[in-house]
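What follows is a group of structures, each given as structure tokens.
Below, subunit A partners subunit B and then partners subunit C, in two separate complexes.
Up next, the complex of A and B:
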């Protein structure tokens, strides 16, 4: 895959470029940064559905733990503990802990799955210093024409990109 | 939320992003210093004797090798369990409470606090595991089905809640710690070669740092943090119900859940400070772990110490106010002037009075003083657990049964073994894992630069002030 990349070492300059990219409606594939830049995520409207899914896992978690407790303590083997009801007021303790465990594990699995993270995964993109101090804009070259490419190269140069090049 | 006039600069020395990477990874990329090898050897020996001799002796011979007796069924093992769990709450308290409250000064310290949590919870988990006496029957704790025994486990018991709460806490803390390290592992992967590169390629899971990944990363961490925060309160409340659900005077107290949670945060913060003083000194990290950081933590410790002091007073007051002979006996006769007056008064001095020295700015900014006071707090918190576990059981309702407790050499070595385990874990952590969260420090450095007024802004501000 052929990409036009612009490498910055200053996030302020990167943000200037981001403003221009949005204005130009450029097909930005990704921006790689060594730390999270909230303004950048807001600029490109980057969203995830992890919070919504986590809520769903929580609902499933609390229902399944309640069902398990109800089955074991009320249906399968009701114990008479001082005449108190089998459907105990202490259930919420384990319901809470079980919900946390189920939600945490499911959320992490979702995060790994959505981002395709796994041991030994081949990197999607590599550039020296990308997790150190370099911020890199990636543009899929197949999605831009020659005119757009030259406009982008100009803009990157003007906004202070350290390097603008095509990588495979 | 960052306010320069309140907190001061959190990263000193106008660091660039590359400086941050180099400074943090220096401890990994250079050869281990001599002190590291000496400390590692000492802790490794403690761990080997403790886990290699005392624990197997307990398992093969039985709980009789400990000092526990019929009157005092819980001794050092439960004291140490509660003590370690308390320290284990530091990671959550630091990392997550401060994250949720948007305290940016957490960035330099959270990684070490999270590491501490994992090793402390591991150490804590060992005690109930061997205290059951027959660890090979431990599968009966889990509700894997009623058919083998004819009934389910008792879901109403705080002891069972403990098992689930601690395992969930360990899992959540370890995952939170690991996920937070993914970007930093990727940084190490990019800089290393050979076997080290292979290892960090595997553990960084192919992290690149794309903005879509950062969004998911931030959301996942926020959710884990949001869930772990009430969990930490639940875990230590559950530990406290191990006692307060009992009928012994001195245990049967409604104050215990909040009292235990606050105590956990108190000891956890103190242990973090003790470790951070050493780490800052040993790795010359004064630009990242500044006096302002210690100042902020010392203020929290002072505040929490006041809560602890109030709790001790409330216990004494309620014992007197209840008019209950047994309750009054525990606090008035046993603790204040009886058989256990020494640990009780030392606990009061170390936990409630000594941290009040932090009201003085000079002491809050003196590393030696902070180091010594926090060590005393940790000793004080151990004594607090001793006072909870031993005296009420030793002298309960029936004086004819009274029997005192003294620990044995095996008790002591199991404890020293867990200190060795914790020390080895922490030393390996500071040697092989980035001990400060680089990606968060860079974010902090950016925030600091963005908020710093330019020369022009400063000039116009001064002009405005002079006109007024």
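Up next, the complex of A and C:
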């Protein structure tokens, strides 16, 4: 897969380029940055559904833990522990821990699924310094025509990209 | 930007009227029933004392975390810290004149009838006497006074120096950071004992090692709500024109987090005592739930945890200042209820005309509380108006706070 990439070393310049990219409606495949830039997500209107899903997992988690506790402690095998009721006030402790566990694990699995990540996955794209201080805009070359490409190249040069090149 | 807070005539009149109401109802209560008067003094004073200490803790926390976004608002909690002086003066009045009305250990003979159901009454108090006696209690109150007011005064002085001198601002900031650590350490260490002294020793037979922690958390939580209310009032008057939804959102995070922390502290104390099932410990909750009021007991955790938690969970509501202020008022009502449930249940039976332990709430409770509210408002706003500027103009993080903007 051949890509047009623009390498930046300053996030302010990258922000300028991002504005232009949104304006030009360019098919941006990915922007690789060494640290999280939240404004970038807002600019490209990338919305994550993970917070909502995490809430949903939390609801599922708390109810399933409660159901499991209720089944084991009340229905299946009620024990008399110091005369306390079987449906006990200590449940919230286990419910809390169980909810956190289920929510965290499910959220991680969802994240891996959404980003097509798995253990031992090979990198789609490599560039020297991409984990260091370089911010890279990736554009799928098959989705743009020659006219668009020259426009993009101009824009990248104007906004101060360190390097603009085509990589395989 | 370089604006001074103006303590308007209207606000002064309101606080004076509140103080006047407090004085009148206080005198009436004192003539009618000494026990009820001193119980109310302890209740109202403790309410504002814990808010004051919590506000200073809030400010110290911003310093040690080097939080940038909150630096513009630091004068508000700092001015709330000015109430420490009147609060401790009232505590001294209570300690010197009202001790025997409120604390059963200071006057075992006076309460012997109430505690006749405990044959070991005198024996237990004799064991606890080395700690719970009038002289040591006064000494401890003096120590709290010195430690709290001393550290608060140092922080205020450093803030004043920072305002006056731009070239040395970073040096005063670093010093403030250091004394914030001192405050947090000293406050935590002394408040563990203060919570024991002022509230827990109302029932000298009962003790819980978790009680003071819960009170400490409650102070931090409810103080952040109080800071929001004062800030909203000032925002409406036009003092923080740069405030946006990001600021409100960050304030709401404190209330949200505080509600969870409070519920945690409330629950671990309750659950451990419930599970331990030791009569000496269970007595505390037995009195509140089965003699005093089960409804109020349940309401406490609902308005201190469930409602703020659910209301502030959606992003949009948490960013809305009006919703946030309503929640802050709700949370302060929660503190009112929480302190009420700590102070009144063991004391009501000593009030005049009260046979059994049940909620007593009338003119005296409202009036004396309003009086203290008046003093609190007057002291805080007076202190704020004495500051040269509302914003800490030489604070190294001020710009970050003014330009603060969160994407989400």
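By our rule, the second predicted complex is superposed on the first by the 163 of 168 C-alpha atoms of A that agree within 3 Å, B and C clash if a C-alpha of one lies under 4 Å from a C-alpha of the other, contacts with A are read in each partner's own complex, and residues count from 1 in each chain.
Here is the rule we go by: a contact is a pair of C-beta atoms (placed from the backbone, for glycine too) under 8 Å apart; a residue touches a chain by one contact, two chains touch by 3 or more.
Values in this document were obtained by computation on a predicted structure and should not be read as measured data.
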item	value
Partner chain(s) touched by A:2 [first = subunit B, second = subunit C, both, neither]	neither
Contacts of A:73 with subunit B and subunit C, given as first, second, both or neither	first
Subunit B versus subunit C as contact partner of A:41, first or second or both or neither	both
First (subunit B), second (subunit C), both or neither touched by A:129	first
Which of subunit B and subunit C A:92 touches, first, second, both or neither	second
Greater subunit A contact set [subunit C / subunit B]	B
Touched partner set for A:82, first subunit B, second subunit C, both or neither	second
First, second, both or neither for A:120, with subunit B first and subunit C second	first
First, second, both or neither for A:111, with subunit B first and subunit C second	first
Common ground on subunit A, meaning residues reached by subunit C in one complex and by subunit B in the other	41, 90, 93
Partner subunit C, residues of subunit A touching it in the complex	38-39, 41-42, 82-84, 89-90, 92-93
Subunit A-touching residues of subunit B, taken from the complex the two chains share	16-18, 21, 143, 146, 150-152, 154-156, 161, 164-165, 167-168, 171-172, 175, 179, 182-183, 186-187, 189-191, 201-203, 205-220, 222-224, 227-228, 230-231, 234, 238, 438-440, 442-443, 446
Complex interface listing, subunit A residues touching subunit B	9, 11, 30-37, 40-41, 44, 46-48, 50-51, 54, 68-69, 72-73, 76-77, 79, 81, 88, 90-91, 93-94, 96-98, 100-101, 103-105, 107-108, 110-112, 114-126, 128-133
Interfacial residue positions of subunit C with respect to subunit A in the complex	267, 270-271, 274-275, 277, 406-408
